[in-house]
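Mind looking over this structure? Questions follow.
Residue numbering begins at 1 within each chain, and the chains themselves are lettered A, B, C, D and E in the order written.
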Amino acid sequence: MELIKKRNIFQLIFQSRDGLRVIKGGALFALPPLLFIISFTLGRYPVSPDLLLNVLAAKLLPLQHTWPDTVDTVVFQVRLPRIIASMLVGAALATAGAAYQGMFKNPLVSPDILGASAGAGFGAAIAIFNSFSIIGIQASSFLFGLLAVLLAYAVSSRIRHDPMLALILSGILVGTLFTSGTSLIKYMADPYDKLPAITYWLMGSLAAVAPRDVLSVIIPMLAGAVPLYLLRWRLNVLSLGEEEARALGINTGRLKFLVIVCSTLMTAAAVSICGVIGWVGLLVPHLARMLVGPNYKVLLPASILIGSSYLLLVDDLARIMAVVEIPLGILTSLIGAPFFLYLLQRSRRGWL
Amino acid sequence: MELIKKRNIFQLIFQSRDGLRVIKGGALFALPPLLFIISFTLGRYPVSPDLLLNVLAAKLLPLQHTWPDTVDTVVFQVRLPRIIASMLVGAALATAGAAYQGMFKNPLVSPDILGASAGAGFGAAIAIFNSFSIIGIQASSFLFGLLAVLLAYAVSSRIRHDPMLALILSGILVGTLFTSGTSLIKYMADPYDKLPAITYWLMGSLAAVAPRDVLSVIIPMLAGAVPLYLLRWRLNVLSLGEEEARALGINTGRLKFLVIVCSTLMTAAAVSICGVIGWVGLLVPHLARMLVGPNYKVLLPASILIGSSYLLLVDDLARIMAVVEIPLGILTSLIGAPFFLYLLQRSRRGWL
Amino acid sequence: QTAVKTAPAEKTVVDMSGKTVKVPAEVNKIVVTCYGGATNEIVVLGAADKIVGQPSQENFPHLLKFEPQFKNIPDAGSFDNISVEEIIRLKPDVVIASVTSPKGNKKLEDAGIPVVTVLTGRATIDGLKKEFKMMGEVLNKENEANTLIGFWDSRLKMLKDEAAGLTADKQKKVYYMLGIPLRTDGSAWGQDFITTAGGINVARGVDNANQVSAEQVLQWNPDVIIMSSNIGPTKNHFIMADELKNNAQMTNINAVKNNQLYQCPIGAFWWDRPSPESILGIMWLARTLYPDTFANINLARETGEFFKTFYHYSLTDQEFKAFFNPQSAGE
Amino acid sequence: MRLELKNVTCGYGSKPVVHQVSLPVDSGEVLYLLGPNGSGKTTLFKTMLGLLRLQGGEILCGGENIGNWPRSRIARFMGYIPQAHNPPFPYKVLDIVLMGRTAHLGAFASPSENDQKIALEAIEALNISHLQNKIYTEISGGERQLVLIARALAQQPQVLIMDEPTSNLDFGNQLLVLRHVQKLAQMGLAVVMSSHFPEHALLSATKVLLLHKGKVFGAGRPEEMITEQSLKTLFGVDVKIITTTIRKGGETRVIVPLVQ
Amino acid sequence: MRLELKNVTCGYGSKPVVHQVSLPVDSGEVLYLLGPNGSGKTTLFKTMLGLLRLQGGEILCGGENIGNWPRSRIARFMGYIPQAHNPPFPYKVLDIVLMGRTAHLGAFASPSENDQKIALEAIEALNISHLQNKIYTEISGGERQLVLIARALAQQPQVLIMDEPTSNLDFGNQLLVLRHVQKLAQMGLAVVMSSHFPEHALLSATKVLLLHKGKVFGAGRPEEMITEQSLKTLFGVDVKIITTTIRKGGETRVIVPLVQ
């Protein structure tokens, strides 16, 4: 069963006429593991490749421990969680974005559209304002992210006319409410004290990710990603529009609800460990669509592969560029936007 | 000529079958002047209505000056510019929003879509960062607002496929770039002084508007509003879509450029004196469309009337609610969003 | 214009933004629209009773103890977020505002109210001393200002003399933690604060309060970590030493290994930020870094003297001890 | 298998557009819905498919009320070819046709080789194999219509509901589709379709339902229903219906409008 | 007034779809473009209107190359009824028709009383006065088509370009539109339209151009062009063309497809 599906992915990816696509397909699968390994050698604290090999090998073999303990800390406590977190977050946001773009039949939609990030940001701000611990901030952020989307969903369900537009409008509305709430908290926060904390948190950064953080988000992320991955064929059908999808035998109400819950789980989890990182959820699905076409059977895996590689790459840059860590949210935009522009202008079929 | 058009507006407004609409139409025209007068009596510094009358009359008649000079200051230096500014900004954002929604055939578009606010915000941030004077901040904000939109326009014109989507995408891209720029500046700014200044500025407030500010924006605002008002019939046609509008005899390239330039002039001018005030440009055209229908001949005047009243009302609230003013950007959202939700649920035809 | 008015005598001062301001010769009502120790300056110069409006001082319970009336003073906003009408209503003779809020200041000037700017967070030690002098002129408290500057100068000289014995190899690397473990400060004040106390700020290349990576901190490997108590991740929940010791990413840093982790104290103001009191903060840091070199500094005595002289308040031992337990400040 | 509408009333919001329509269709039948613009054909179709809420009456399938059927069961039972269609993402034509298989798949499954085979057969049946790998958004209006028909075939339903399936088709493709409709009926499907061509009904309908302003104006065999009189009433047009012999001895009735 | 295409080649991007088409139409003529799905009719129309770039050849109006004409001049000269139409904001039907007047207005003007009168006349001419105050997005597909035709009439052009104007119309409305087309031609307009009904061309065309895979397959009088032979080649259908007398002594040719 799983095997057949996998073959189909390969088949679809490689089916295209031009040999270029075969290379692209191969590159897609090779990219994440490659970057994963390279990323271990990058950082402010110098760890040479052969030292790295030794350190890694020492975890398995009884090697002599000739390097300072700090190297171990750097590799396993600082770099490993950070690399895993950035790949997880990138894949999660890309998957959520791809799913939403199909569901809303709109290539301009990002996973934030229903207010997940706005809610999560508000949750974090309120936690910071009320002096919660770091774990408290994460939990509050996650819960408010979910809450915002559920609120948007509940509100939209009271509007009869054109359910998709209703959902987007409700999402924007609820998002604005939570963003204003965040502003209000910022405003009430002592400018000497909470304001910078809240502002910086919202910019998004993986600098402080600890192994514990990775563990705490891996469950909601999988809980979101696995169903979406399994439902990927239905996403195709849903993207034809509400009425047509129903005529083709899909319970659109339930499917939409599932897509929303899954995407929100992933988005809120992502925001809860590293703040608001925009742009990935919008950019990566486009990129994937340019490479493999709009069919979700291949689009979703491609989004996951590209998303994880992209965010890892950007975070690597953030780590090595300067003493001061530039927030990831800023970097993703500053790198992503021009890159996207370039792609737009080059591609034959525009953003499709 | 002007007379005929005015008659047509009235005609169209009052043409509708139900008498309720006649009342609505009358109320629309009466609202702004009424609010204008009431707003003078509101504020922390007590000025009773009859004292206010005296103060105003003294400007024209040689009355005896029995009140302290401070009252003059409050009425003419503090309240008058603020009232005018809020009406101007409200009308400008509503007009720009209505025009964009037609041009992009999309009721979810706001005047920020092409990056005007993001650019203006960046301009202000960079000016604050570099300790410019207030006039410098305003000029920088205005110029960067224009620059952002022109950049988006230039970029989009290099993309062949589907010009409208290209424009929106370019706008979002450029907007993201400038927003990230602002974040970067925020990040580099000293959290003890520049950061609060930039953050508060971006929240939007009319608290610091001076008579000079009003004069400095009235020209770009009129330069934007008058052509749009005159072009309002063509906006109808443009909203049918690029191809159809061209078939009906419209040079869509030129018209679109005009609409963009005019809307940007107004948006950038608005942002330059009072920071980013979201939501008005999205909400008010909807409200107007619910009241008078989608025909721009009446929609545009209605948007102007409702926009100016709405922002004035919200600003009045900001002034009287608390000693320390809640930023207008926050208030417009906190009031606008639930109000809009209520309207959405009530209206028979959804947001149309 | 029949109302009889006695033209008030005026004087001019040059404020901290270099602007010449006309203020009444006799200043009786003051509105403060900034933090940054401006209120404390007015208090130590003996003009606390003239403040009629200022931002909430609830973060400084020690200050409220001897100036309890501050709890009831109206808040007319701070920095750019001010209520002009409220300030007009309070009829101040002068507004003390920050150099960083030109927009709000301008609005007040337009309403005809004299605005005198102070450096707030942009201060350096030299700037701060100038500011004391300027404030003395505005408030007609030149003597008090000179006393304060004298206190500063004598203590600065003492620090400098004692630090002469510190050779480069004995100097300690200090990491100044702002709110969260990875944010630090290499800006003007952060730099002055640490170097005057004889330390080396590892983040001297880092301009303002900015975030760095865990690896960077590992590479710097500071000898001492000081943790700010004014910019917590949360209110009254500042970074605790335990938190760092339990953080696997931090365990190999010298400061953590040797338990050299210190929270900055809060007196009537934060001791790690510029204010009349920050000289005490600098002495605290010097003593903390080099207990031997600065063994002569008796912080309790210095603090007692400062509070006696400038706040006219006799500090009990218990109150003094509370300064070093910032968490208790909220209670 | 029989699809039966009993006193169906339906419309938008709470306003009824179609009143009290009853109609039974059995396997092997081709039912034509004829009626002027705005008479409620599309509305009725959408209601049959459960896309619009029923305002009155009931819809039965094999005697069973389908009101509570899950969507996938309805889709396995009824296929739909919509009148208007907004091009979505730039899917390949083959993918669009494959989507017709959705109702036959498990919730988490993607189409199998077998589904692909069925889709390819449907494409071949409509002579559009050359379009198979083209992008759906870049083919002509008529070509899209053929693709949608292929999709409905791939859906393998028992009832096929077609809203003006020939309206954008060229002369040749119109007849192709009509032939298909007949073939499907012979294979045991029930076909319900609307059309603006009474002549087509004469060619391929087994039953005709005339709709006028949302009410049933008549129902029965095509020859009985499509008369000079009824066309005059329904469409306000004077026509002459003539019978002509065609090669191979067959007879056909043609409708000749009397213009000027 | 004569509209003339000379060796026009056009398509999407740089790929030509229609090759070397030449065609003159004069006032009073009704030119039918007949051709299978995907043969390039819509493409050619869009190019004539300047909505697609000309890849070769030229388009002349009264001998003048319209390549550099401003859009409003083109619109006063040519009216267009598109094949596909996305409903925009919920305008009233009257407003939609009024938009046809745009090309006659100054850049800053709105429609005058007179424009309104013209629009109302166009609406009346198509018997859709009852729709006048309805919301355009809430009327049936066929009703929309009629509204678009009324809009093109209100535009008062000299050449009317109609892309399958009858494809969603009911039997009665089809004939109504055809009658209109003839009336307009008599009033001096040149009409260029595409259709999937050769019979309609026999009814109302003065000229027919057959298009096959983007190339001209033939052009001339309808009786000459629409033959059993040409229909077989273009559409792959066997037909019999018979002549029948209709009341009032007139004669009509009908096309009878030979099925089964």
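Points worth noting:
Methods note: a contact is a pair of C-beta atoms (placed from the backbone, for glycine too) under 8 Å apart; a residue touches a chain by one contact, two chains touch by 3 or more.
It should be emphasised that the depicted structure is a prediction, and the values quoted were computed from it without experimental measurement.
Steps from subunit A to subunit E, taking the shortest chain of touch contacts, total 2.
Shared numbers divided by all numbers used gives the overlap of an interface; between subunit A and subunit B this overlap exceeds half, so the copies present the same residues.
Farthest chain from subunit A (centres taken as the mean of C-alpha atoms): E. In this assembly, the C-alpha centroid of subunit C lies 81 Å from the C-alpha centroid of subunit E. The geometric centre of subunit B is 51 Å away from that of subunit D, both derived from CA atoms. Subunit A and subunit B have centres, each the mean of its CA atoms, that are 34 Å apart. The multi-chain contact residues of subunit C, meaning those touching 2 or more other chains, are 36, 78-79, 81, 121, 178, 207, 209-210, 231, 273. In subunit B, 107, 187, 191-192, 196, 200, 327, 349 are the positions where the chain touches two or more neighbouring chains simultaneously.
Each of the following residues of subunit E touches two or more other chains: 86. Pairwise chain contacts present here: A-B, A-C, A-D, B-C, B-E, D-E [touch as defined].
By the touch criterion given at the top, residues 12, 35-39, 42, 83-84, 86, 138-143, 145-146, 164, 167-175, 178-179, 196-198, 203, 231, 234-238, 240, 242, 244, 246-248, 250, 252, 254, 256-260 of subunit D touch subunit E in their complex. By the touch rule above, subunit C contacts subunit B in their complex via residues 1-3, 36, 74-86, 88-89, 91, 98-104, 106-107, 110-112, 120-122, 178, 187, 207-210, 231, 273.
The part of subunit A that touches subunit B in the complex is made up of residues 107-108, 155, 158-162, 165-166, 168-170, 172-174, 176-177, 179-181, 183-184, 186-187, 191-192, 195-196, 199-200, 203, 278-279, 282, 326-327, 329-330, 333-334, 336-338, 340-341, 344-345, 349-351.
Touching subunit C in their complex are the following residues of subunit A: 43-45, 68-70, 73-74, 77-79, 127-134, 137, 187, 190-194, 196-197, 200, 205, 207-208, 210-211, 319, 323-325, 327. For subunit E in complex with subunit B, the residues that touch the partner chain are 46, 49-51, 70-76, 80, 82, 85-86, 88-92, 95, 99-100, 102-103, 105, 107-112, 135, 155.
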